[in-house]
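Per-chain numbering from 1; labels A, B and C assigned in written order.
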Amino acid sequence: MSEAQLKDLEEIFEQRIANDEKIEPKDWMPEKYRKTHIRQISQHAHSEIVGMLPEGNWITRAPSLRRKVALLAKVQDEAGHGLYLYSACETLGISRDELYDQLHSGKAKYSSIFNYPTITWADMGAIGWLVDGAAIINQVPLCNTSYGPYARAMIRVCKEESFHQRQGFEIMMSLCNGTEVQKQMAQDALNRWWWPSLMMLGPVDAESVHTEQSMKWKLKRKTNDELRQQFIDQTVPQADILGITVPDPDLKWNEETGHYDFGEIDWDEFWQVVKGHGPCNKERMNARVGAWEEGTWVRDAAMAYAEKQQNKKENQAKAV
Amino acid sequence: MKTNLYNYILELADNCLIGGQRLGELCGHGPSLETDIACTNISLDLFGQTRSYFQYAADIKGGDATEDSIAFLRYEREYKNVLLVEQPNRDFAYTIARQYLFDVFHLLLLEKLQFSQDMTLSAIAKKSIKEVSYHVRFSGDWVKRLGDGTEESHEKMQAAIDGLWTYTNELFEVTEEAKALAEQGIGVDVSKLKETYYQNVTSLLQEATLTVPESKYFQKGGKAGIHTEHMGYLLADMQYMQRAYPNMNW
Amino acid sequence: MEKNWPLWEIFVRSKNGLEHRHFGSLHAADAEMALENARDVYTRRSEGVSIWVVESKNITASNPENNGELFEPAQDKIYRHPTFYTLPDEIKHM
């Protein structure tokens, strides 16, 4: 293909997206579009899978049967969401195994928030309330993104996700309506999860490298800073209802802007965790790699069995 | 209080509770995303059944008993689950073997329990049969895949069956409570399920190219609250919150 | 052995009277496992009453590059649509 032809195709392609047309797997697409989508969708899928670990940490210790089944169902949903997203990603011509390799080798990233430890039961509440809250803000606009399989996966994810945040908030409510010890537990969880949750919405706009292109392809509808502001504005009143304090002395309502002003985020911490030096990066990766490697013989057995059965069927057919 | 009935319900429910707890440990650590989702589903079914039984048991016990006080606040000697279900997830073959050896029994039991004169037990059984039929299918399919898969998987599956076989006979032990209730048409005489159980299991193991263990030495004690050493750790985990923060709502 | 579980496409009938619709895909070693996995992955919230699974490699798809010759010729065959035909106003239902 000549350069001029390529440019033509690209123009038509961009025009289709601008017209709100969806792109489907077999359609022609610029290499950069494919790569960007593989990166973003897989990163999203990895986040779901790694995200199972900090919450999975409390399944066996959930304090009541009701909480236990809700948490199990939630972690199971995350496996499901990872699966929907891996499938969407695979339509771009990359296999699940290659994607896992990228995760296990550290080449692919996942949401940094899951590199923080879950040390009390209240963390289950805080994750549902804050982390899922921030995730939903990120995800809802993606239901309308330009790549068809991703948009369809996100519609399913968002539909199922709505119980997750409520589940978390309800845990927080029970704690805040409980004993002094429980209230302290809730406050402590908010203290530890607040800032990482704000970081989850991505670096400040000035430092965000992909924003412009992502906006064009509808991978993004709002900038990181806009999303962060939206998250803070909707979450602070919820903390008030719970009766716990957001750990930011600079946080205050600004009549003029109609938004909350907030303090400086510690971006050094953010980059440290992104670069692999958070409190649990190594544990999370070891857990994933371990599960995958220990599962090899199981997956191999299933394939071997399937082939044997297939051969049996074919031989029977021949015999008849 | 109807002590017999209460104890009998615990006998039924504790298997679901402890089995569900064991499966729950695996969530996020299984050999594939798809199997993780499946095992979690089974765990959720078992906890659902547990809750129905315990809610009923709490009604019978009265006072301030709840499903949670029954689930979390007993001493180890008061749990009546069979030893089989408390065995740890040594590897995926052990998980599947434990599940399968229990599921076959569980289904046979429920198929009888659905005709219980006790309406609540009968209703729980009817609802559970559908879930457990699926469990048997799932675990049975996996026994075949691992048994008749690769050489390595065959060895592991055989080792798991050999390791857990000693816990199967206890499933058919009839406790005093169960005997009394079976006579009233409320409980199930599990000793009568034994023959069918071993027939079903034998035929599937053979299909899976596995050897049916010949050992006639069996372990028991779970139904009387005498558990294996694994149980204490399982309970320490499960009861942690309720023990560390007593008398709170979550 | 380094053989990966193949990809399967999952079609679910949400309720009787409706067609099976493509729901997504998943990995499984064989058809039986694909069905079981599909049940656990795609019908956790009672989304279905029937499931089809098809190994992805068995699906032949049209190529979007041929969309012109495949689909555009139908566009000017407007006589296939009822609105192509004029009827007197008095006729209400036809």
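Observations on the model:
In this section, a residue touches a chain if its C-beta (ideal position, glycine included) is under 8 Å from a C-beta of that chain, and two chains touch if they have at least 3 such contacts.
Molecules present, by chain and UniProt name: C = Phenylacetic acid degradation B.
All values reported here derive from a predicted model rather than from experimental measurement.
With centres taken as mean CA coordinates, the chain nearest to the overall protein centre is A.
Of the two chain pairs shown, A-C and A-B, the one joined by more C-beta contacts is A-B. Each chain gets one centre point, the mean of its Cα atoms, and the points for chain B and chain C are 41 Å apart. A separation of 28 Å divides the Cα centre of chain A from that of chain C.
Distance between chain centres (mean CA atoms), chain A to chain B: 35 Å.
The set of chain B residues touching two or more other chains comprises 32-34, 37, 41, 145, 150. Within chain A, residues 76, 80, 83, 299-300, 302-306 each touch two or more of the remaining chains. In chain C, the residues that touch at least two other chains are 1, 5, 26-27, 29, 33, 41, 44. On chain A, the positions that touch chain B within their shared complex are 49, 52-53, 56, 59-69, 72-73, 75-76, 79-80, 82-83, 86, 121, 171, 174-175, 177-179, 181-182, 287, 290-292, 294-306, 308.
On chain A, the positions that touch chain C within their shared complex are 24, 26-28, 76-77, 80, 83-84, 87, 90, 95-97, 152-153, 156, 160, 299-300, 302-306, 309-310.
By the touch criterion stated above, chain C contacts chain B in their complex at residues 1, 5, 26-29, 32-33, 36-37, 40-41, 44. Those residues of chain B that touch chain A in the complex are listed here as 21, 24-25, 27-37, 40-41, 43-44, 47-48, 50-51, 54, 67-68, 71-72, 91-92, 144-146, 148-150, 152-153, 156, 237-238, 240-242, 245, 248-250. The part of chain B that touches chain C in the complex is made up of residues 32-34, 37-38, 41, 137-138, 141, 145, 150.
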